[in-house]
Every structure is written in C-alpha cells, then in structure tokens.
Amino acid sequence: MSKSRIGNFFEDFEPGQMLRHGVPRTLSEGDRTLYIGLTGSRSALNTAATTASALGLRSAPMEDLLVFNVVFGKTVPELSLNAIANLGYADARFLRPVHAGDTLAVTSQVLGTKENSSGKSGVVYVRSIATNQRDEAVLTFVRWVMVHKRAADGAAAPALPVPPLPSHVDASRLIVPAFIEPASVTRVTGFDDLWEDYAAGERIDHIGSMTVNDSDHSIAARLYQNTAKAHFDAHLMAQSTAGQRLVYGGHVMSICRSLAYDGLENCLGMLAINGGSHVAPVFAGDTLSCVTQVMETYALSGQLGALRLRTIGAKNVGTARAIALPDANAPKSRFPAEVVLDLDYTVVIPKKQLRL
Amino acid sequence: MSKSRIGNFFEDFEPGQMLRHGVPRTLSEGDRTLYIGLTGSRSALNTAATTASALGLRSAPMEDLLVFNVVFGKTVPELSLNAIANLGYADARFLRPVHAGDTLAVTSQVLGTKENSSGKSGVVYVRSIATNQRDEAVLTFVRWVMVHKRAADGAAAPALPVPPLPSHVDASRLIVPAFIEPASVTRVTGFDDLWEDYAAGERIDHIGSMTVNDSDHSIAARLYQNTAKAHFDAHLMAQSTAGQRLVYGGHVMSICRSLAYDGLENCLGMLAINGGSHVAPVFAGDTLSCVTQVMETYALSGQLGALRLRTIGAKNVGTARAIALPDANAPKSRFPAEVVLDLDYTVVIPKKQLRL
Amino acid sequence: MSKSRIGNFFEDFEPGQMLRHGVPRTLSEGDRTLYIGLTGSRSALNTAATTASALGLRSAPMEDLLVFNVVFGKTVPELSLNAIANLGYADARFLRPVHAGDTLAVTSQVLGTKENSSGKSGVVYVRSIATNQRDEAVLTFVRWVMVHKRAADGAAAPALPVPPLPSHVDASRLIVPAFIEPASVTRVTGFDDLWEDYAAGERIDHIGSMTVNDSDHSIAARLYQNTAKAHFDAHLMAQSTAGQRLVYGGHVMSICRSLAYDGLENCLGMLAINGGSHVAPVFAGDTLSCVTQVMETYALSGQLGALRLRTIGAKNVGTARAIALPDANAPKSRFPAEVVLDLDYTVVIPKKQLRL
C-alpha cells in the first residue's frame, strides 16, 4: 500500500465490515476548558466539580457533545475523508459518563451501502462504538455519509440492504445515570424548572446568538482530530460551490446546544440523539440562533425524567423568535433557507418531587 | 416564568437585593494554559510550579485577571445581559489564591440604583463576592453598569442612595499573601528590580504590542462564560453604532496586563483593583500598547511591598512611548481618542532587603 | 537600567556569554489539548495515555515540537526580540521525554557572532539547553538569528569565530527512548508500516492541507510565550515589506508535522532536528501542504530504528503531489517560491521484527 494515504472510496465498503479507527484519544481537563472556550458551554454538571459531586459522581463528566465530536472525528479518516456530505445521524445513545483521564477508542461496522443512480457515488451506513480504556462502551451511533466512488464510471455495485433505523431512541433503551439527589441542581443553576415544568409542544426561544469565526471552528475540528478537508483547506474549498471552508456540523451542534442552556438550565445531559440533519452549510461570519421545541416528556426512574427536544438552529435571523419551526416531516429541501440544523435529542432532567 | 429568558432590566433591581449567579465554575490547568494562549502571560508566579513552590505555595495559583474575568462572567446573566455599558469597577480585593481544582461560586448584592434623566435606562451598583468550594471568599469587587429599563416610558423610579466608593483600596485593607523567601523570584525572571527600585511618578513604557483578533476575544469571553451579546453577536452589532462586535473589556485588561510584564517582572500578583474604566471600545484588528505609571509605593510586611500602578492602554499608537498619560482627574470624555483603558491597581512585590 | 526593556542588540552578544532566559514554564494536560486544537496532531504516543502505557512510559509525553516551541519561545526576549530573521536551526537533540507537570527552564550560550557587511546588523549563533525541574537536560539545539545593531553606523565589531555545525545529528549521538514492545503501536494506529517498510529516497505525499488563521497562529505563539513583534503587532507589520503579521515559523513546523502523520503513523517522536529553514514567510490565509522524503534509515537498538526525513512545506499549491522537491544543496533563494519550510529531522520507529 502506498504511504500516500487517500482514504476509502465507496467500493471499499461492504456490509458487515469492521473498521478500527486509528489512535485512541485521552480526554483531560484541558479538553473541558477548550470546549468551554469554543462553545461558551455553561452546563451545570460539566462545568463544576462541586455540582458533579453533589449529584453523586466522582468527578464532572465530559460534555456529551464533546464526547460525540471526538468520537465522530476518529471515524473520519477511514469513513468520510472522501465524503461528499454527512447525511445524518440516528440512534445515538450515551451509555456511560466519560471522565478526565479516560481514553476513547472507536470502531465502526458497515451496516449497508447504497449506490447513487449517478454511478459516481454512494451512501454508506455505519454504526460506530466508542469504548473507554476498560473496554466499556460509552457511546454508539449510526451515521450515513455520501462518498465518492473510486472509479466514477465503474460497474454499478450490487444493491445492498440498508438497515431500518428507529425514528428515535425508545425510552426503554435509554441508559439512565444514577444520580443522588439530582434535584439539587436547581441550587447551582438558580432556576427552578424541572421535568414537570416542561410540556410537549412548548417552545423555548434561546436568548443568545453566536457568530462563528474561521479560527474557532477550525480549532474545534482539530480538537476533535477531524481531518475532513472541507473544514481546513481554504485553497481547495475556494474551488467548490461553497467557495470557502464549511464549518464542521458538530461545531454547529455544540454552539446551538450551548445557546440552548438558557431555558433548559437543569438538564443533566443527553441520553440520546434521535436524529440530526445539517440542513444548510454554515460559514465563518454566520451568526447562529436557535429555538427548542419540547417533543415528548417521559418519566424515567423515581427521581428523573426525560425530555425529547427538537432544537432548530438558524443563521443570521436576528433572534430565536424569528425562527419558524419547520414541519419535521417535510423534506429538508423545503426548509426555510436560514435553517442550518434540525437536531432531535433526549435529555435527562430531575423531577420536581420525589415519587416514593 | 417563561423559559425564554430575557435577563433583568433596571426595574428588576432594588438596593439590598441578593443575586445568586448561576453555575459555579471549576478552574483547572486547562484554564491556565488557555489563558496563556489568549494573553501571552509570562507571570512568574502563575506560569511555573517551581516558582510557586519556591515561594512557599502548594501550587501555582491562577492568574489574578483570569479569576477576575471568570467571576465577572458569572455575573453577566443576572446583571448585565441588557447592559448598555459597563461603567466601571472599584474596590476590588483579591483575598485568597485560587488553585487548579477550586470551584468558584458568585453572589452579588445591589448597593444602589440611579435612573438616568432620559427615563430609558439607569445605573445599577453591585458588590460581587466569589467564594471557593470551602466557602472562603477569594475576590470581591464593586461594579456599576448602565441597563435598559423594561418600560422605556415608565414612571421614573425613586432616587435611591448610591454608596460612597473608595478612590482606592487603602494599604490597611490589602490582603497580603504569605510567601517564604519572595525575593527569590529574581532568580526565575532574571531581572533585579524589586520594591525599592520603583518610585512614585516613574513611567514604564512596555515594549510589546498586541493585535486582537475576532476569534481570540470571543474565545476569551466564552472561556469566562460571559454571555453579553455585544461580544458574540455580529449580526446584532452590525446594526449598532459600533457596527461590529466589541472586544470584552476584561480581555483588554488581560492583554495590557500581559504586556505590562516587561518592566514589572518581579511583581507577584494583584492585591487590588482600585478603579478601572474602559474609556473607548476595542474592535478586532486593533493593536494594543500600554504604559504604566507608578502612583504610590507602600511598605507591607517585612519582606514585601506594594506598588499602586496606573496602566493606560491605547490602540493603534505604534509604541508605548507615543502614549500621553491623561490627567487622572480629567473626565474620560477629554481623554485622547486612542486611549482605551485606564486601570488603577495595586500589586505586591518583594523588597530588596529583608528588614529585620 | 531603564525598566522600559528594549531587548539585546548585536553589540550585546559575545562568544561564551551565558543567557539565562526568564521564567520557567510548567507544561500540563492543558498544553497537550491546546496543541491538538492548534495543529490537529494525531500522534499515537502523545495523544493517548493507553498507548504510552503500552509502550512502557509512565504517562503520555508532550509532543516533541510543543516542547521545542516552548523552549524556543523562552529564548526570544534575550535573543531575538530585535531579530530581523531567524536564519536556521541545527543539531537539535531530544534528550528526555517531558511529561505533564514538568517545568522547563532554558539557558543559552553564545557560540559566535558575525557582523554583516552592511554594518547595520549581524548574525548571532547560540546553543540553547532546556532542563526540567530535576535539572535534567530535555532538549538542546543551536540556532542563529540576524539581529539589528544598536548603533547602525557604529564601528565594525571584530570578526568572531562561528562554530562548525554538523550537517545532521549522527546516529551515535541520538538518545533512544526505552520502549517496551514498541511494535504494539500498530494496534492503535491501524497501520502496519514499520522501519523496514521505509526506504531511502521514498517520497510520501501527505493527504491533508491546512489553512492558517490569524487567531490560530497568534494563540500558538502566545502559548509558547514567544514575544517577537512580527507575530503580534499588525500595526507595526503594516509598515514592513510583508505588510502584515508573519506566522511564527515553529507553528508552520507544527502544522506540517501534524499533516505528516499520514504515511508516518507509527513514528514515535523526533530524536533530532538536523536542520531547518523557513524559506519563505507564511501569512494568515495561506494553505499549507507538505511532502516528506526519506533521506536515510538507521538501525538503532534491537527493537527500534530511525528514519532521517526531509519534510518540505509549501503554500497554496493544492496538494502535496504538486510540490517539487528542491535540491537540498541549492541555495534557498533558488527554491520554488511556494516552498516555505525545509525541515530535516530524525524520528524513531519500531522495527517489524525483533532481532534476537
């Protein structure tokens, strides 16, 4: 094999195939800090050791999307270096907290492939699993990505089965953390809203907006050791339709999640990402705002409940109030042009009253 | 209460009122590193564990202005989210070192309020106090901020008493750290100037200058979990008089303080901020230079002395030598247009000879 | 001495003189993280605690060029604050791993000086040595730098001997780390290429390219506490030939080294920098690509070998394949205009088979 690596092409993937992604990554307090610097996260559980300790954890866990983005980054060299587009995520489950000092290794299994009618590219579906240094799974998700064929005029590949994907992670499949006295989080956030205070259909306009800079988003993508050219190579991208570097979608998710702190202060982390779409590209200079709609509320164990949320991120709209919630069932191509992110996820939040 | 948070307005503040600011923040070695990356700090005591240990501390404390900015950031959501301007600080005292692993929580008390004659806004005076996880106070300061009224045409609020503020922190109120053999700092800085070498009236032109970038200042403000829109929302600020994002004033202070290392190498940290004014806004692309004048020298305990310093920061002036020191008693509106910062503070520095 | 420091000029240096550089610096996990964020490093040994531990180290060492850049930064205030140009490095040897918590102090000795025929400047040669808190040497290198004379029309300084410098660090002078089972690195990188798989003359086109942003490179230079004006003062540099800030050469080296991961995945760190030249300046907005040629292969101890590599960095060329390798013996002025870096260095890599 030549040492001038060029990544995998559509023809290189086959269902069932296992990909071991290179180079585990140890997370440290430095990652927590830089993630705050890049996103402005104020998450109660992840920001203060004292909060984590009051809730019964041995130390503050790493932010959920920091973990997600690091794991995603690991999969790029084998999976999406030649990607045309990251089409979506589904069935992501956060299985175990990640603490400073934990080392994450990632493997992926190809679930299915589907050649595009053009014969020039195809879609690859994979499930990725991240484990810590004790071989305990910490996160798993499915993603699908459109990749170039090596031989654009080659013979059409056989049609291969694409697995069915759940519309969302069912409550019975959520891994619920064990917190001691979770409702004590209200003491540190200063806000009282707990599980019972949220109702399906409720809309929350997040007060903040944030402008993305070229250096921010490229530092973020490098932090995640993501090597996709679209985020780093301005020379190449000047020749693309976009004409410039694209902001890594996971950074858009992280910024929207940080903005969504306001109004969701007592949420204690993601349990699942049900689905996510990067509806339109984000470029440096764009200002992101976001709105969250509560989709469903689930009771979990005695002291905890879950909220299924849909956060819509939009660019250059002024304020969250200006964002019209697109119909979740409409094709993304019908979404308003300013919408950049449609993220469906489930968070855990304490209940107001202990049910004995 | 709606979960679409909009922050407090002038009418929401009343004297004596206590504000508990959300979400304590644990500082780590990651914060030390990122602060160096954002400001270029070379502070002897904060940069090297060996220096701290030689001076008798269990570990290198966090930089004084890193602590100040983190504490300031905590107060923004309840105090200055709807701020028109941060008007000033006074009577800031550093009470105890902050080490990696310490968690800071912040409360503020409203000292007084004063409606502006326009009836559209007013000034709120608060004292903020930061405590660590052992409930020990580490920093306290007064700041005053101009905030919008909710009802711009509402009835004028009653005139309320504004507290007297000291012109500077008197030497008797300074909390002096206990260092063992403080004069050993000259061995690590390589410079010999100690307390006796500084004289009131002396001027120090700092050799360096630093250009601020959009990404730098917004990473800094996010690191401090400061949510003020003026620093993050380029879309909104395009419609303001400034036409663009404002650099957070605390970042300007940090940069000037880092530049002021040269000529003040053996200073071991701030004991007080006597007063500070952001005389003019700083924007990305501006290059900061600064000059320091020694205002007073105080003897402290046997081995230590203090210097009261005034650092003037200016933009786009070429070199520190080009900065004319404005009269401290002149109104800020008469200051030369290039002056952006007037910071009056007190630092601790070893004496040359031990007085037995 | 005035406290308005102005740095040393050519006349201030004399052969044999020792310079103690100010303020040791403790490295932490925060530095590892920020270095990844600034460069995208994926180095197997430096990125994961588990890899380091499998190889027999007590913790993951700090990246070689992170250490180099921190040490270089320390030398700037006394050596190159008034530099016109950093002309080159030679005979750099990495002597001992640096771990989180280690504190580096740096001293330099002037090896020789050579006045330029213009009478306005001269070249100063120094050897710098960095030691840790146990006074163990961790890195040493020679660099030479062109500095202004204080008195541009002063009397010509006496011609002083310039020391002979080795063309490269001979294999017998390399300090080889003791790894237990080094070949296990292939399990974490997922690539099989070990020492026997590389041949002198072989060319490796690295797949990635990276665009440099103003904020990236100035955060990097500040992280290294490098105070050279050319990297920070856009106001000053607007009047220079360049018209703008220069990207610190060590950041260019770090980016190229991170890009050179692909194809050299199992290399376990630099043992030496044989020589390095910044052939042309890099500015914000430039996109870097690089190619590596294997110059020599050396067997070391039983389980390890070394590769002497030459990495050529170029700007705005599209891909590594487009870079023509310049003749190593040609004068730099004859190099193609797009070449920015010519770095000759030696790395350690496990052998495929244990020779018993």
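So that you can tell them apart, the chains are marked A, B and C in the order they are listed, and the count of residues begins at 1 in each.
What we mean here is this: contacts are C-beta pairs under 8 Å (C-beta built on N, C-alpha and C of every residue); 3 or more make two chains touch, one makes a residue touch a chain.
Note that the structure is a prediction, hence the values are computed from the model and not measured.
Novice: More than half overlap in residue numbers between the two sides of the subunit B-subunit C interface, or less? Answer same or different.
Specialist: Different, since most residue numbers here occur in only one copy.
Novice: How far, in degrees, do you have to turn subunit A to put its CA atoms on top of subunit C, rounded to the nearest 5?
Specialist: 120
Novice: Please report how many Å separate the Cα centroid of subunit B from that of subunit C, as a whole number.
Specialist: Their C-alpha centroids are separated by 36 Å.
Novice: Could you say which residues in subunit A touch two or more other chains, in rising order?
Specialist: 28-31, 33-34, 213-216, 219
Novice: Could you list, by residue number, the parts of subunit A that touch subunit C in their complex?
Specialist: Answer in residue numbers: 3-7, 20-26, 28-31, 33-34, 77-78, 81, 100-101, 103, 105, 133, 213-216, 218-223, 225, 227, 229, 232-236, 245.
Novice: What part of subunit A is in contact with subunit B in the complex they form?
Specialist: Checking each residue of subunit A against subunit B gives 28-34, 36-44, 47-51, 60, 188-191, 193, 197-198, 202, 204-211, 213-216, 219, 262-265, 285, 287, 316-318, 320-321.
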